[in-house]
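In what comes next, chain A is part of two complexes: it sits with chain B in the first one and with chain C in the second one.
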Partner chain A sequence: MADMYQLASASLDPLFAAITASGRRILAPTDQDGRTELNPVTRFGQVAKDYVQTTLSAKEAVFPKVEQLLSYTLLPGKVDLVDAEPAAVPTVVFGIRPCEASGFQALDAVFNWDYRDKFFNARMEQLTVIGMGCTRRDDACFCTSVGGGPGSTRGSDILLTPTASGYLAEVQSDKGRAIVALAAKLFTPAAAADKSMLVALPAAFDQPALSAKLPAMFDSPLWAEQSLRCVGCGACAFVCPTCVCFDIQEEADTRQGRRLRTWDSCGYHMFTLHASGHNPRETQGARWRQRIYHKFSTYPERYGQLGCVGCGKCTRACPVDMNLQEHLVEASQA
Partner chain B sequence: MELREKAKQLLESGEVKAVIGYEPGTQGARRPAFASSAARTGRLGFEGEQNLASYVTRKEVKRLGRVAVAARPPVLRALLQLMAERQIKEQEVLPLVLDADGQVQELATAQAMEEHLALSPQQIPARDRELMDRLGGMTRQERWDFWQGELSRCIKCYACRNSCPMCYCEHCTMDCNRPQWVPVPSHALGNLEYHMVRAMHLAGRCVECGDCGRACPVGIPIHLLTFNAEESVHAQFGQRAGASSKLDYALSTFRPDDKETFIR
Partner chain C sequence: MSENNIYLPYLLRIAKITEEAPSVRTFRLEFVDEEAASSFDFKTGQFGLYSAFGEGESTFCIASSPTRKGYIECTFREVGRVTAGLADKEVGDIVGFRGPYGNVFPIDQWRGKNLLFITGGIALPPLRSVIWNCLDLREQFKDITIVYGARSVNDLVYKHELKEWEERPDVNLVCTVDPGGETPDWTGKVGFVPLIVEQLAPSPENTIALVCGPPILIKLTMPLLKQLGFTPESIYTTLENRMKCGVGKCGRCNTGKSYVCKDGPVYTLDQLNQLPAEY
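Our next item is the complex of A and B:
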């Protein structure tokens, strides 16, 4: 059971001051020439006022687009190898939506599956998520079709829900309680949860039914048809809060080198290209099917959760409007 | 006759295997649409943004057979340039345009395409021209800083390359890993080298549709680099990509009467 508090609108400025004074970095949506980006801020006034979502996801905070894993120098008769240490700083991600907040659990499922990833975990341990419930939505949103909701607390250490006078604060974890302790007098205990300002979003398809029928749809012509307009870029995967695939790159000369981890995408033809020249996912249709299957079939089977939070970032970022919700509805009806 | 009727007719008669146009998408967007049967033509229209010529070189689309394409001027220019570069043949693609009376017209030959294009002069949109002028007025250092700032947002998703009708290479240099010419990671050097290579590769080949910039999810005006390269080829060599199906590539063509003496 979450601790519930009321937080006045005017309390966010002192709360930001208290968080900053505690040595934590705050990342929040900001408006940069019309682009909504997650950037470091110190004052609540810097936070974007009217946004549905940031373009990129907050996964950057724990899984950056490029990360050094190790470096080495070749010396006469030996190799001097240095393991990189993650630059993990205490961070509060403020104002991301409940869909995105729950995305961290999908990343966690992979980064702690059969191996504990040092880099991801070091950053997760330092991360506190203050989510913000949604009073607005757009046509790309479909969280309620995949088990989420505009007021879902999943993944948030504190979820703020806008109310007439300020915010309802639902404190979910010790990390959340640590934030409350920084400025306890700003938080007034709340008797009831007022969620009347949350936007309504009816579910668009029956996800369990879709996941159940996917295994039998592998050879359906639907995937090739849906993917005809897909240009095969990686925008969807890179903005996705749950897409976790990475590539390992070696940057080296004859004397020294470093190993880097970078984002990768199953939409690329190179993703599965074998050294022999054979490609098991030769067409964009096969790659698009993989994207759907990994999120709605493989993930539930392997990790007991979905690999999609319904945030719609992929739909908004796609240069050719590969609307994910629409494609899932179509697959549900096929 | 509207595009959907024309499309229906072409598909029913078997003249083409698919018609590529646009349809309404999310939040008022106009997105590319493929109609491969008469029953699927109901939402097709001419208005939309992605340059549809980027599809006709794709394996998945080539396999369909002859396709008709709703062709705004930048699409026509890209199709002509693809012909000049011997990537498509006249008979493989049937461009459809609206004539002055609002009728759908088939442009079955390169000559017909060139003539139609001559009716609408190629123009860089005012907003882009303004920014190009501003960049042109900057010192080298200021310009360098501007692009460093813009490219710092790049995530190397390749939406720019993959949306570009002239980026049809089956094996892009960026994907070449034996040897690895350009760093894959999206760090400062990887981003800079990628965009410089792409701009250079499009000099004299860019049809100035601006789709690379439109496709960018993080809003980098990356099309200005290829526009600038293209404008500079035009100024130096007096030709424009996409003007004709018989265009020699300015940067790899030797002419005995070249104005430069060092080349002779």
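Our next item is the complex of A and C:
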């Protein structure tokens, strides 16, 4: 059960000061080269005012593009292997949208469903999410079609929803309560949840019905048709808050080296290419289908949640204007 | 709270290198750490990620039998960066190993049954682990038949062991090479593996079939076995999808709802039929 508070607009500056004083780093959307991206800030005044979404996702806070898994020194007849410790610093991600906030749960499902990934967990433990409900949307948004919403609290330790006088703060977790405790006098208990400023977004398709019909649609020509213009650039996976697929690569000289985990994409030809030359997913159509099926069929079956939060970042980033929402609507109607 | 690094490999020393065929080698590997050596255990069918430090990791099965303690073996063909790095190693050098990963061949359930192994080329190594495991528990199984083929006589792997199996009265080994791959003194069969299986016409009665080979061998052998009366539940194979993590995270081996590294690599034909053909 969430604790509800009112937070005046003028309280965000002192709140940022209190968070910074506690030794936590704040990552928030800022204007950057004509885009909005998460960057370290210390004052609320630095935060972008008029954004729908950041271009990149917040997943980098817990799953960096490149991460060292181990290092070693090569000696004659001997290898000195050194474990890597993730540099996890206490971090508050502020102002991400409810869709993205829920994306952390999809990452957690993969990183911990069996073997536990200490690199992800160390960062996740240090992460507090202060989400921001949406008063605006654009044509790429479809969170309400995949179980989310402009005011969804899922994944946020505190969800702020803009109101006429400031913000409604819904505190969801101990991590959220720890933030409130830093500046308790800024938070006034709220009797009712005022969510009148949230943007309306009708669902565009019936996701449970789509997930149910996907297994029978595997051989449909739809996937090849939809992906005809896909150039396999992988931008969709890189901006996605839930895409977790990674590569492991070596960086070494003759005496020492390190093993790195890097982001990868199922949209790449090399992703599944066998050493023999055989490729189980030889065409871009097969790779596009994998993207859809992994998120809308494998995830629900395996982890009890979708691998898509409807943020639309992939659609905004696609250089050939592939629109995930439109493609899902089309699949629903096929 | 500190957790273990699941990507940190064991260190193993190369105890023996066997040249099996052109570009194909077998490493016998012993754990550097004594504690790891005594606590390490695996079951037949499982695989691991082998590292050549400086080059990276590659996925191979454990080609030795869990009944042979104190070491593991892997057999690989030099085709890329990591396998080239491994091929450069000499006896005494150190390699990395993560594993054992994946599921197993349920040999406990096969007691009192006939076993039919059908394999080709460098797909013998995963089945070689099962073969030695079952031969080391020989009294638990009835007839053991091995049909193995390669492009040429020189491409057959484990040549010494093939000879040993040929000489054993309790193993029926049928070796074949593709037409044109025979040598003047070749005494085995000549012809593609599925054709040899067809000629052999093994009985499905109380028999488990294990099929592992290049896609074309699988594609042609499966319908043949079905025609002979083998049920999809009695035919096993092991998949070798590309992998990076081996622990169900990196996404590479995902096929349909299955992660080959977690739900496989061992599948019955029945299970395989429920997956999309992306392997």
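Going forward, the second predicted complex is superposed on the first by the 334 of 334 C-alpha atoms of A that agree within 3 Å, B and C clash if a C-alpha of one lies under 4 Å from a C-alpha of the other, contacts with A are read in each partner's own complex, and residues count from 1 in each chain.
Keep this in mind: a residue touches a chain if its C-beta (ideal position, glycine included) is under 8 Å from a C-beta of that chain, and two chains touch if they have at least 3 such contacts.
Since the structure is predicted, the reported quantities are computational estimates derived from the model, not experimental observations.
Once the two complexes are overlaid on the shared chain, A:A101 sits clear of chain B and of chain C alike. Residue contacts after overlaying the shared chain place A:C134 against neither chain B nor chain C. Of the two partner chains placed by the overlay, only chain B lies in contact with A:A224; chain C stays clear of it. In the superposed model, A:V244 makes contact with chain C only, not with chain B. When the two structures are aligned on the shared chain, A:L69 is found in touch with chain C, with no touch to chain B.
Judged by the touch definition given at the top, the superposed model places A:V41 against neither chain B nor chain C.
Which of chain B and chain C touches more residues of chain A: that partner is C. When the two complexes are overlaid on their common chain A, residue A:L12 makes contact with neither chain B nor chain C. Of the two partner chains placed by superposition, A:L328 touches none, neither chain B nor chain C.
Looking at chain A, you'll find residues 247, 249 touch chain B in one structure and chain C in the other.
Residues of chain B that touch chain A in their complex: 25-27, 29, 31-34, 50, 54-55, 58-61, 153, 155-159, 161-163, 175, 183-187, 190, 211, 214-215, 217-219. Contacts from chain C toward chain A in the complex involve residues 1-9, 11, 51, 53-58, 77, 79-80, 83, 92-94, 96, 214-215, 240-242, 244-245, 247-252, 254-257, 262, 276-279. In the complex of the two chains, the chain A residues touching chain B come out as 33-35, 37, 55-56, 65-66, 138-140, 224-225, 227-229, 231-235, 237-239, 247, 249, 251, 260, 262-263, 265, 268, 270, 283-285, 315-317, 319-321, 323, 326.
Per the touch definition, chain A reaches chain C in the complex via residues 69-70, 72, 74, 77-79, 81, 83-84, 110-111, 113-119, 121-122, 125, 218, 244-250, 252-254, 257, 259, 261, 264, 266, 271-276, 278, 280-281, 286, 290, 293-294, 297-298, 301-302.
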